[in-house]
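Okay, structure first, notes after.
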C-alpha cells in the first residue's frame, strides 16, 4: 500500500482518536498511514518542508499563515473541542464556577496565583496569550511559570505545584485520573478549539502523496468520517464534535460534557 | 627478628614451589638469596614483605623489641620489585612523592632529594621523565627511592642485574652503610659481584627447599661460581 | 546547506550578542552539570577503585550492572525521580521538584555509571605494582589512592569529559524534574527541546552550537592545562 | 514507593507477556543501535589509533574536538540531520527521513565521539613496546593493530558498552529523524517519550526497565564471554 | 652488512650521547656491546633496528646481496627490548601470535611452538599467563619468540641480565647455532658470562665514542672484568 504521512499534534494522537479512525480508512483505501505525533509548530514545519503529506492541527492563526504563505492548500475544518481552565480543588484564587475565562485569568494575575503556562507557542499557548491580552494583563507576575513543554507535562506540573493552567479537554480527560486538579472554568465561547486538516502544497515538492492525502482529508470530512468522529468516546465522554462544512457555532463547542 | 615456620606457597593446582619447615634469622647478617629461574625467590620475598598471603605457614617479624607479628607495616619494611615500578613523572618527582608521604617539607625535602640524586648518579637526570631512563638508571632510581626511607628491613630482588660495575660498587657501599645502622637486608642475585661477595649468609632455594649457609664462617661449601669461574 | 550555514552565523551572533536570556540558561546548564560532576566524582572514584582492585564475589556482576546503567534513558531517570519527589511520592516533603537541586540529583544519577565504568577501566589498567610501590614507600591508603589517580589521569580526564558531555547534553531528566521553567530551570538543552517543539529548528541548532562552542572552550582549556603532553607508557 | 514497586512488577509482566507490540519496538531499538555500533566501530578504532599513536601537528586539538562532540545534544544531531535529509534539504532526494536507516546514521554520529574518546584513552595507555614487538615479530600493520586492540580489549569493551548505552538510551535524534512512527520507527525510548507525554509515567518506567533488563542480559552475556577474568597488568 | 657513518643521537637539548664517525661490520663476528649505564647502548641498538630515527648520520644494512638500505624490514631484523614486552595472553599464546604472523598453520605451528617451549625450559608453563612468569622466565619467553623467526640480524639488549647459569649456557648454545646459520648478532651485557666469553668482537661505548675491538685476534686489551675479577 502507498504511504501517507500525517503530522498531527500529540493531543490528538494521545486521545486515541486516530487509532480509532485510521484503521477504518485503511480498510477501504489502498493506503497505509504513518502518523508523526509532534507539536503544532513542528507539524506545520514538517508540512512546510514537505516531509509529510498533510497536517491535522489546531492553531487557527498559524494555520491561516501557513495557507497564506502557500505552504498548504485545501484547508478544511474537521472537528472541534474546547479548552478549560483547571486548578486545585480548593481553589485558593476563587475562580471556580465562572464561565468567563478572561475574568478568571485577570483574577489569577491579581492574586499572584501559581499559573503554569505551556510557553511553547503551541495552539493552546496562543489561545492563552490571546486570553491574557483580552484581560489586559501582561503575564509576568512572580508565580507565572512558562514551562515550555507539552500539555501532559504541564498538567503534571500544575498538579504538583497545585497551580492553575489552561488545557484542552482531550488531554484533560485522558489524564485527569492521575491529577489532583479539577475543572474550574469552562463553557466560555472564547475557549473554542477547532481542528483543521491541510494538504501540503504539491507544487512545492515532488514525491508527495497528494492523492492519498486528499483521499484521507476528504474521508475525514465525509459523512462516514464525521459520524465516526462524533461517535468517538474517551473514557465514556464525547471528546470531539464533527464540524465539517458548517460554519461552526462556537456555542456548540462547549457544555456538552 | 624473623621466624618462619612450615611455610609453603604455590600457584594454581601446581605443587608448592618450596616448603620451609623452619627458618630463623637474626637480621644481622647480609643475606644472599640464590636459586634458579623460577625457583621461587621473588615469591618468597613477596611473602616475607606481606604483599601476598602464603598458602600455608606463618611469618613473624619482631622489630624493635615488639611482639612477633605478621609482616610489619609498610615503610618499615621495603620490598623492591625485580622490575621496579616508576611513577609516571620526572625522576625528581618520583623522590618528591616519597618525601611527601614521609611528611618532609620545603628545604629539608629538597636537600634530601638532591643529595640522594647525586649519590645515585642521577643528578643530571633530575628533570627527565622517569620512564625514559635507561635500564640501569631505572634501578638506580628505584634504589634511591628506597634509601630515602631508611627502612628497618630491606628485601631487594635482583638489584644488580642491569647495573654497571661502578654502580654495583656504589650500592654495595650504600648497603653496607645501611646495614651499619641496623637495617636487615636480603638480596637476590644470579650473578656474583662485589656485593654478593660481601654477603655473609646464603639462602639457597633448591629442590623445593631452602638451604641456609653461613659464608663468613665458611660453612657454605665453595660453589662453582657460574659465569665468572 | 544554505540554511545550515546561516544557522552557524546565527549561533556565533547569539554568543557574542551577550543576550542576557541566553547567558542565563547557559549559566543554569553549566552550574547544574558542573555541580553534578563534582559531587559524583569522589564516590565514583572510590567505587571504581574497589571494582578494579578488590576481588570480591560477584564483582563481575557488579561491573555488568554498572555497564547496564549506562543504558538507562535519561527520561526514565527523570520519571523515577519525579515519582519519588512528587507531592504524592515518598520524598515529596523535601519539595525538591522543579528546582535546580533536583536536576543536579538527576544528573548525578546519570553521570555515575559512565564515570564508574570508565574510571574502572582506566584504574584497572594501572600496573599492580603501582599500589604496592606507593604503600611500601610509606603512602597511606588515601595517598596511594591519590597516586593511582594521578597515574591514571588521562583516563580520569577522559571519564570526566565523557560524563560531563552526557549530562550537559541530556534533556530527558532535566525537563522532567526541572520543568523547563523560564528564568529558573531552563537549560540549553531544554530550551533546544522547546525550540524544536515550536518548529524553530534553526534556533535550536544555534543553541546547540553555543553549547558546543562552550564545551570546546572548556576542552581546550583542559588540554592546555594537562600540557598537551602524551603519556609515557614504557613500563 | 508502592507505585514504583508496582511499576517494577508491570515491567516484568510486560516482558514475559510477549506482547508483540512491545517486542516490535524492542526489535527496532536493538536493530538500529547495534547496526550503528557495528558500523561506527571500525572507523572509530582507526581514528583512535591515529590519535593515540601518530604525532601530527594539531593532534591535541583534534582530541579536544572529539571530546567536545561528546557534549552534543542528541536532539541537535537530530535537527541537523533533519535539515539535511528533509525534502527541502540538500539530501532530500535520498528520501531517508523517517526511516530506520536515517536513525542509524544519527546514532552513528552520536556514538562516534564517545567511541573514539574512550578507545583513544585505552589505546594510548598500551605500552609503546607492544606495537614495536609485534611489528618486529613479523606482524603486518593490520595484524599489529589487531594485536593492540586485543591488548586493550577491556577498554575496547568498555567503550563499546558506553557508546551502546548512549545510543540505545537516546531519544532526541531518534524522534526527530525517525518520527516515532508506530510499527516502523518507534523505539523503546521514543515510546517512553510518548507515554510520558500522555502522563502515563508508570508505563514509561516499565518500558525503561524492559530496556534495562535487556541491556543487563547483554552485559552479562558479554561478561561471561570475556571470561570474568581480570587483566594481568604487571609489565 | 652494516655501514654506519657520522651517526649521532641524543635527547632533548642535551649534547649527543655519542658520535660514531664510521663503523663497518661484516655481520660474521659475534659482537658484545659494552658501556656504562646510560652510555647509550639501548639507544644505539634501537637506531640500528630502525625503531628510532637518528638525529644525524646514516645507517645502511646490506642483506642477501641486496643494495645497501635503511634498516631492513621487520622480521628479518629483530631487536629484543631490554625489558621485553609480553603479550597479554598465555605463554603458548605469545608464541602462537608469532606463528600466525608467520603464516604457519595447524600441526606445523603446534610442533614448532612445542619444541621451542621445551628448548627454553618453559614447557611446564605453556598455559600460564605470560605476565605471571618470573623475571628469568620472561626473558626466556622473549628469546623463544625471537628464535621462532630465524631472523637475519638479531640485536639483543642485555639478554642474560636475569638468567640463571643453566639458562645462560642454553642460550649461548642457541646463539652459536644461529650464528652458524648466518645470523648476524649483537648483544649488550654488563656482566661477563660464558656468552660474552664466546664473543669475538667488542663494541665499547665510552666517552661519547665507540671503541671497536677484536677479541679473538687479541686486539682488545685485556680489561678488568668488573664484578667477576
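We just call them A, B, C, D and E in the order they show up, numbering each chain from 1.
Assume a contact is a pair of C-beta atoms (placed from the backbone, for glycine too) under 8 Å apart; a residue touches a chain by one contact, two chains touch by 3 or more.
The UniProt protein names, listed by chain, are B, E = ATP-binding cassette domain-containing protein; C, D = ABC transporter permease.
Bear in mind the structure is a predicted one, so any value in this text is a computation, not a measurement.
The minimum number of touch steps linking chain A to chain B comes to 2. Among the remaining chains, the Cα-based centre furthest from that of chain D (ABC transporter permease) is the centre of B. Separation between the centroids of chain D (ABC transporter permease) and chain E, computed from CA atoms only, is 45 Å.
The centroid of the Cα atoms in chain C (ABC transporter permease) and the matching centroid in chain E are 49 Å apart.
In whole angstrom, the spacing between the mean C-alpha positions of chain A and chain D (ABC transporter permease) is 37.
One finds 81 Å separating the Cα centroids of chain A and chain E. Residue positions of chain A touching 2 or more other chains, listed in rising order: 150, 153, 156.
Each of residues 82, 127, 129, 176, 193, 196, 201, 231, 233-235 in chain C (ABC transporter permease) touches at least two other chains. Each of residues 83, 132 in chain E touches at least two other chains. Per the touch definition, chain C (ABC transporter permease) reaches chain B in the complex via residues 127, 129-130, 132-140, 143, 147, 150-151, 231-235.
Contact residues of chain C (ABC transporter permease) toward chain A in the complex are 82, 86-88, 97-98, 175-176, 179-182, 184, 186, 190-191, 193-194, 196-201.
Against chain C (ABC transporter permease), in their complex, chain A makes its touches with residues 38-39, 41-46, 119-122, 145-150, 153, 156-157, 159-162, 180. Chain B contributes residues 11-12, 35-38, 41-42, 82-83, 121, 125, 128, 132-137, 140, 157-158, 160-168, 190-194, 225-228 to its touches with chain E in the complex.
Remark: chain C (ABC transporter permease) residues 1, 3-4, 55, 60-61, 63-65, 67-76, 79-80, 82-84, 89-90, 113-114, 117-118, 120-122, 124-129, 154-155, 158, 161-162, 164-166, 168-172, 176, 188-189, 192-193, 196, 201, 204-205, 207-209, 211-212, 215-216, 219-220, 222-223, 228, 230-231, 233-235 touch chain D (ABC transporter permease) in the complex.
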